[in-house]
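We just call them A, B, C and D in the order they show up, numbering each chain from 1.
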């Protein structure tokens, strides 16, 4: 990302809270799924967003594309605000921004043929109809490695990997600039995962796309990302270039994550185990104030950690880290 | 050398269909597990790894047909009476399943469910008090704080990681000789996965429990297992020491699988994807099951299925043209 | 656990209160909306002018509507449902007189139907897909589809008219009033057919829902885990699967209790059983609307209470519902 | 190499078209038999004038006659032909069943879809009302209402229809809620579909498979409800339904078995047929439809 250029996507102080209960006689409970998150994505960049289950990464993805409203904060894509968009503005937005979903089984309407599914955005956005639409559908399918004969078939006739290709074709058909991919390969078998990862990278090169790649698999994220952001309990705890983050993680949580991943090479794995032999068993507890990670943090020996939440700030290494004592 | 703890020969699992040949999901699977050994079975969905694991305790779906021999300490499991197999389940051989969220009965207390596992095989018929103490000890063993108090919790009051630990505690309650773990870490976060792997390793080291680990994750095998069995389309296609199989694979499928996994310790190069899809078990396929996806397949690969044959010390491969280990590693 | 349960019971009771109010309000507005003079409706056909005046005064019908409603509500809440025009007794007294017979009938039928229904449902689910399952399922569908009063009529034709084994109706033998143990025997003898009639509907319904819930429960991972622990099939079936399916069974019994009560009404008519249902019938035919609306409000209250109890029962069976 | 791999979930309803097919294939007998039974009763009611020459309301001198060639189902206390009364009674029972079911299914579908789709306070309010209606003893409510406002076909249809929608509403709401959170709905939204198109093209078709099931079960239940009202003497004597025939038969139960046996048989056959059909369509013996949670 060159500093002079404004980012294609800018996310500023986004919060998203969920209120549960609150019915008659039930207690209201507020969950801060996303809690004050800011970052930018440059045009042509792939930003990887990692975090454990419940870290709020998927919620953040849905807020960025405008499927969920933010409780507060702004998202702008190419200068256009996502938040307040309604009707026509929302459609204009979704011609530039699309999403690839996680579950190849639930992300396609079982009642519609592949043609119906892919024609939907063309019709709704007034892009093309009839023979023109068919031609575009064939092109999108072809770009995603599917034969034109797929058009007349229903989702249930395809395997998981093929369904994911259809989902990618659906996102691609409006020729967006920016695609949010929410765990696009986590439901797939290993050998199919590689096919889809390669496809996403080929499409990026062919169409000049920008990606937000949300995943829990640290190796996949390293493989596809230019830059990586790590999320923990609704907050960003560290962002850095992929190379830097994996080589020298600065936040204790990132360090713990990277330490925990086993490696397929038995010798490398034996090395890793030696290094982490003293790995503690953590007891996550809710923290009232202070750093969200401090209950699990091996370094949190200072009273400050329990009192004040550290902001995401530039660190000497070039990372941005939310920690009072990084490194 | 001691006798194997578990010895499987020519295991087959198939599902009969009306007016069609039955669907075979496991065929010709043979391997041994020595006392105290940790063996991993790795494969993708539909490879037959879970069915293989479940046939050891005869926990297959009702409609499944089992063939071949499964000997545990010399006794044929398929020939056991229902009572004999029940006595073995949870006592000599126990099992941990994939999803800790659904493996506990939601309406019973965690402690009572672990206690049930003990009481079912308790010849001494110890009292409630002794049972409670034993449950608390087991929960403490798997690293759950406040074990006596937590035993009174219901499953929905436990986090995913705690449930998987409690499940493990239940599985080892009677100090089994063999623990079968079916994707025990698949549903867990990576930090919790690391803890559960350490727990399994400790159990093996401290009590000598043999472990059969079923997983799709090669790294988990690398972390825990001395020996690995690779399955594809219901067959064992490679079987050998983890160090050898994962660094110098001899079967093209094993090699391709390793190539298609992104590595956390290496920057991104293009992945080598395996083309196509695994075969559908309902449609018969002649020859080697991998030949349609294999870059090196020859004519005979499509005509005749190779046997699992030895290719080194304790290493076997089911391929007409096994790869040269050194060359593959260099690639 | 007790305080939590107590809190839960209180909360459910609090939730049931608006429902009780709604029933009373509904009844009030129904009387007002019905064509004709409300006093005439409550006083029945061809009342004497004095009685009409008495009714008007009793219900405050000469006052504005909202005061009438407050008065009606106040009376209903204290169990004052007015006076039955036929028997000239307070409606509440008449109802309480008949209520035990209905409780005896429905209670017995429910206990028997629950036991057999659960056993059949479980047996069917355990052998899902087998011949026995198909037979039980088909039989329960047939039982579920038969109108209760017709079953009663057929049973009378068969066992009372043709075979002359059992009495066709009533609660006690017409001639000779027995006392003590003989009385119990006599009532039990008269109960066989009405209880059987009512139980057919209830039993088949419970069997159907229990089967569905058990099939689902038996498909869960925890059942496989229980088997892997070495639990016997019987233990897996009852301690694990049924413990979960029971929530559905209890819920269904609660939700369908209104149907059970309606079933009791027709069964009581067919067998001349002197309960609440018979009272409904008589009230309709004598155009005794005070009695009819009173009996309706009373039955609704019973249904609401039974639902509340079934809700609390579910919470006791399933810790996830205890909030 | 995973943090937590969310497992691929395949909700049952996604594969529903297949399961329904499989279920029908597994036991074709149930659904087909149900359809046949229903067809027979519908034909009987429609073709009544061709099946019997007798007038269901014409009095005769031959009272309480046993079944014979002249009167295959016998005659009642006023000498009316029971066969004719059963055939024409089917028109009344089936008619009331159909129209009430149309009201309750229409209402239930609408309320369920709206509550499930929009959620929030609207859902909360609608579901409280639905719950209240479901708990109340609907047949007793019907009895009180019809007694007070008077009997008659239209009143019966309205009362039964307006009291029977909660079951449908609850199931539809549950299904819509599940579908609402499927990823393909988010995908459709991002494909530019507005609320109306989302409901009409993406949600409704996935709920409609349930419409037929619900309709056949509701017709069965409405016919039963009508017979209950008639049996209590709240039917329309101008248009005798099967329930009314059974009420009249009750008086002569000990003398004339044919007065109750034949109308009851017709009623039971129809209800059984509709329930079989509903079960066959939903692909299970017992649809666990009314579970509250």
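Quick note on the criterion: a contact is a pair of C-beta atoms (placed from the backbone, for glycine too) under 8 Å apart; a residue touches a chain by one contact, two chains touch by 3 or more.
Going by UniProt, the chains are A, B = ABC transporter ATP-binding protein; C, D = Peptide ABC transporter permease.
Source: prediction; values computed, not measured.
With centres computed from Cα atoms alone, the innermost chain of the structure is D.
No other pair of chains has as many C-beta pairs in contact as C-D. Distance between chain A and chain C, defined via averaged C-alpha coordinates, is recorded as 55 Å.
Averaging Cα coordinates per chain places chain A and chain D 48 Å apart. Chain A and chain B have CA centres that are 32 Å apart. Taking the mean of the C-alpha atoms as each chain's centre, chain C and chain D sit 22 Å apart.
Contacts with at least two other chains are made by residues 1-5, 7 of chain D. Along chain C, residues 247 each make contact with two or more other chains.
Residues of chain B in contact with two or more other chains: 99, 160, 189-191, 193, 217, 219, 261-262, 264. Residue ranges of chain C in contact with chain B, taken from their complex: 220-222, 224-232, 239-240, 243-244, 247, 317-320. Residues 19, 22-23, 26-27, 30-31, 33-35, 41, 133-134, 137-138, 140-142, 144-147, 149-150, 153-154, 156-157, 161, 168, 208-209, 211-213, 216, 247-248, 251-252, 255-259, 261-262, 265-266, 269-270, 280-281, 284-285, 289, 292-293, 296, 299-300, 303-304, 307, 314, 321 of chain C touch chain D in their complex. Residues 57, 59, 86-91, 94-95, 97, 99, 102-108, 116-117, 120-121, 154, 156, 167, 170 of chain B touch chain C in their complex.
Of all residues in chain A, those touching chain D in their complex are 23-24, 50-53, 62, 65, 67, 87, 91, 94, 97-99, 101-111, 120-121, 124-125, 156, 160, 167, 170-171, 183, 186-187, 216-220, 257, 261-264.
Those residues of chain D that touch chain C in the complex are listed here as 27, 30, 132, 134-141, 143-145, 147-150, 220, 224, 227-228, 231-234, 243, 246, 249-250, 253-254, 257, 260-261, 264, 267-268, 271-272, 275-276, 279, 284-288, 290-293.
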